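Here is the structure we will look at.
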């Protein structure tokens, strides 16, 4: 048990606060021989990095990752080979200048975790959000980059499919498009509408929620175990642990409540390669908590950030009633940056279950 | 790590198949001195039991629970006192008669876990659904009954809030009503419409999905821990581990994607008792993974059961293409019976975090 | 985390008190396809059973094990095939008659755990020793029987190598002899001396300590992981968790303190089969926490039971000073019955690490 | 589950190799409000540091610890207050110069873990011992320093009680003396004999084993849980996980095999303060796996290091038979430096069980 770890055979422990000297993580259980590089991990970190468009916070975080343990040099330039011992990753915090946090230190932002931390611990690192800062998610992305290397043939991609009430049109879903706009949006037309929406949101100092979809292809069948080590249960926990996430779905998710048994049943035929072919994927690639070989499809809802310019009623740590507004650099839609984080958390769950399945059954 | 356990300080391990001699669970970590009784556990089991209306399967399961360890007799009649050692609970399976499972043993029901089990394990107990049978959930309900006793003042209630496309009207939500109709429906008018819908569904041999809402009141503030021991992440995993569940929400859940930061912020004032009062509960009682003292609100979507009378295309274990239909006694809407199970899983998560919070902080 | 479980991928949870209706365990993680039978498990249970000679307690415990879940019938008579789901084992307690425990319930036996239970929990099942009864160890033996089936070619044997100050002569060590005397003694001459010693011990109502040695052959090289998942660390924990055990050694153990580096080094040559051959085994088959392919050798010390006829000074639960003596049926040397238990605990650790090694590395 | 972590509520994960850029650990679960300082941690690290006498390796390791997360500044100079979030500790490796490891990289030292790593992983960081280097133990000592702060009134001290065949005389045991000689020896006369022994050992390029004793006072009664979360089982695992340890004892340990029940029983009287007083401590402060309030006494045996100047027969990674000797700076007796490590591992186990006991029972 641990408050700051997830996974079992592929186990990640993160540490660090927004304004401490560094953040980091320990990735334990990487199979020996797994090929890595700092560049490969950096690639995914760069996707998550803020300040890349006017739609994410302008705070500059170089987020240069270093691998401190657990590898030996490989043959190619920059290539590293995992030795099977724990891989420590670390990112220096460049912007730790002391400043006056007076108000933030004592006043609770409505909708933010700071009051919960104070209730739980009686003490809280208020500097830049402390442990609850989105900065921690960089380490999830880094761990996810390693997870991707563990399962042969695995591809995990994410897209933003809804901002506010504007959802994409499934008929225009195009993975390539997600790399062409600043929203990871798979629908070029909707991306334009989001741009307008977020410009308005940003100007008004407001924020807005979103829905992210993650699709994992190449997931071997058989991952996950009944009944409390289900792949979907672990994906749900992993995604729900991301800052600001309030809902998780697998496959048709909440829409499955409206289906009949006939509609929901993913029929099966034999493929030309002698393997089962599912004719639909309402199940999102998971039946009984076990992967079927279909694409694993998960979605999660991200609430709007509580950092807004409009004053809201609240209290301070002494119990005085106050009005709170949050100045400074903000993300109008934190759901955008949640896309690579969601990918990473799904990849980590799959890698963990891949090793667990191999351990218990020896079938892969 | 375990495939069939959940929780950490309050830890539940279940075992058993539908048609073996018995099912059971071991509940480890109950604080010494906790008061229990078989009658109290039985009360919750009886709520889950099938065959109580024409809307659930007519299979008769007396489901008489026995406590086999971990208690000493208390002073009152039937009262038991937990000693702190593991509490083993067991229910005999009364209906284990051998019958011809020929077809079911080899043919995969579309939308059912049996193909996934076969892929994973290469062997499967097909009798009555084996380990994937809903029968296992009886032990979750039993464990939940113990969990309720651990947190002073805790109340966990559930309601069915949607069947198919027919959702309740929030303005008519009445907890008392949930005990007056066979659907745990909090809206008397909607209960009548569901009765019609399910009669039709049953007659056509079909099935339909549903949404369950669980509300926990009296949850102490401070439960849950950043960042991977979040209370909501554990609730999400617990609920997603229930058979047929495809989505989980906390508070506003997926609707929070459509909110602005202003709408989503639960403003805070000081109450007359000198404690913070939240003016709304979009967060569902959890901020940053930590309970705030508000009601914890979770919802989950249950897909329609795959056991339907309409033939669907599938394959058998030998790779032959076949048509499959499921004869026999069915639940047209398994979401109904999921209500007490959902309550139990939320109660277990809260009890576990109650003990964890006490352990780490000593603050309760 | 759990108070009553051990192992990770092969995970055992036991429950039950001496005088409750039954004791049992849940074995989670058995690979699907593993062949079992109740008779095979019973075989090992019968070895541990008391009342088989005048040197162990005369209490009769039929200890008939039942498998309640997790298997399907195999092809041979009585053969069972593990399905990969949890295997529940149970033994009914036949002798639960209520009797007057007045004194035992309130008076603390010096050297016994009852005072510790009362301090910890404030309540204790005093009937027949409750949870601290040696009866629980039957479930360890049963779980060990399953563990033996998991690792191909594994053989785990135990012997009693010392009672009181009388140790065996290594030059006469004969595994076959361990089955010919009631002490699991590998040295026929010493077995005779032990018989005299224990007759005298029994007559005087006293008790005596012992040392058990367990040797596991056929352990694949590579099991165990640095630095806190070491095979020897887990064996140490498993053995130390057995009632009355006060010390654990691997290989030369405490004697290695007296060795020089030259003496301690197990030199290596190449065998005719092209595999490394160690010329000695001071390491007990484990280097750096990882098995080397040599025999794994562990020893553990069992203290004399506190159940003796001589009155000892103690207190009762109310803090009164009293004299305590324990009437009834006793083992003069509980170390004898610890032999099959020690075997089982070593087998469980090896099976768990076998699955873990396969999971992380895929190398077996 | 994790290969590189220990503890449950107080959980430590270490990472790092001897010749990487740094080593470190993450300490998760420190109660909020716990007072720390880098100086306090450094104090214990300095005790473990090599190069402080001619009896330990002359390698200079400044071992300057940094705290990277999980604290806020306290009121006193240098004081830090734990916030309840993970505390990351790190020590830079100053001496990482690349050198020719040719022989060491390929030749297996008899009695060393390098062959086991190669068998397990197929790859190994041979530079300076890699993950199996004693350098990792610095992080155990650092974590132990935090653990000491968690349990009010706890004192954990260690002493070297045997080198080779020369053991201390218990009648001269003096804790103060352990700080006056370079061996942590509590017996001034024996310290002189050890000096001679180790001078000779060092000159001959040999090495020698030792026995360490750790005594924890101020351990609250009630820590530990039946049956697999026993305090002594966790102490045994923690100590056995230290490099080169081959045996662990609690209380009388292996000597208890030679005792009668009468001798072994620690009799109890009532003290003047109305609390139980044990008249002896054969049990080493633990009964049934639960602390009794007496001093917890543990001992462990440390084998001689395999780094010796005398050539020993071995093989290389290609299966060639070779002779191996280890040049360079060596510890003639690694048991000396194991003293503060043993203290730390015992302190960590006690802190973990302190939090677990508080969590389950609320009794402290």
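Labels A, B, C and D are assigned to the chains in the order they are written; within every chain, residues are numbered from 1.
The working rule: contacts are C-beta pairs under 8 Å (C-beta built on N, C-alpha and C of every residue); 3 or more make two chains touch, one makes a residue touch a chain.
Please read these numbers as outputs of a predicted model, since none were measured by experiment.
Chemist: Would you mind checking which chain's C-alpha centre is most distant from the centre of chain B?
Modeler: D
Chemist: Given that chain A and chain D are copies of one sequence and touch, is their interface built from the same residue numbers on both sides (over half shared) or different ones?
Modeler: At the contact between chain A and chain D, which are copies of one sequence, the residues are largely the same (over half shared).
Chemist: Per the definition at the top, count C-beta pairs in contact and tell me whether B-C or A-B has more.
Modeler: Between the chain pairs B-C and A-B, A-B carries more contacts.
Chemist: Can you give the whole-Å distance between the Cα centres of chain A and chain C?
Modeler: Measuring from centre to centre gives 45 Å for this pair.
Chemist: If you average the CA atoms of chain B and of chain C, how far apart do the two points sit, in angstrom?
Modeler: Their C-alpha centroids are separated by 38 Å.
Chemist: In angstrom, rounded to a whole number, how far apart do the mean CA points of chain A and chain B lie?
Modeler: Going by mean C-alpha positions, chain A sits 27 Å from chain B.
Chemist: Which residues does chain A have that touch at least 2 chains other than itself?
Modeler: Within chain A, residues 1-5, 8-9, 14, 29, 32, 84-85, 120-122, 131, 225-226, 356, 360-361 contact more than one other chain.
Chemist: Spell out the residues on chain D that touch chain C in their complex, using ranges where they run on.
Modeler: Listed in rising order, the residues of chain D that touch chain C are 1-6, 8-9, 14, 108-117, 119-122, 131-132, 136, 162-165, 201, 206-211, 221-230, 232-241, 243, 246-270, 274, 276, 279, 282-284, 286-293, 301-308, 310, 312-315, 319-321, 335, 356-357, 360-361, 363.
Chemist: Which residues, counting only chain B, touch chain D once they are in their complex?
Modeler: 1, 8-9, 29, 31-32, 84-85, 225-226, 355-356, 358-362
Chemist: Where on chain C is chain B touching in the complex?
Modeler: It is residues 1-5, 8-9, 11, 13-17, 20-24, 26, 28-29, 32-33, 66, 68-70, 72, 81, 83-88, 120-125, 130-131 of chain C that touch chain B.
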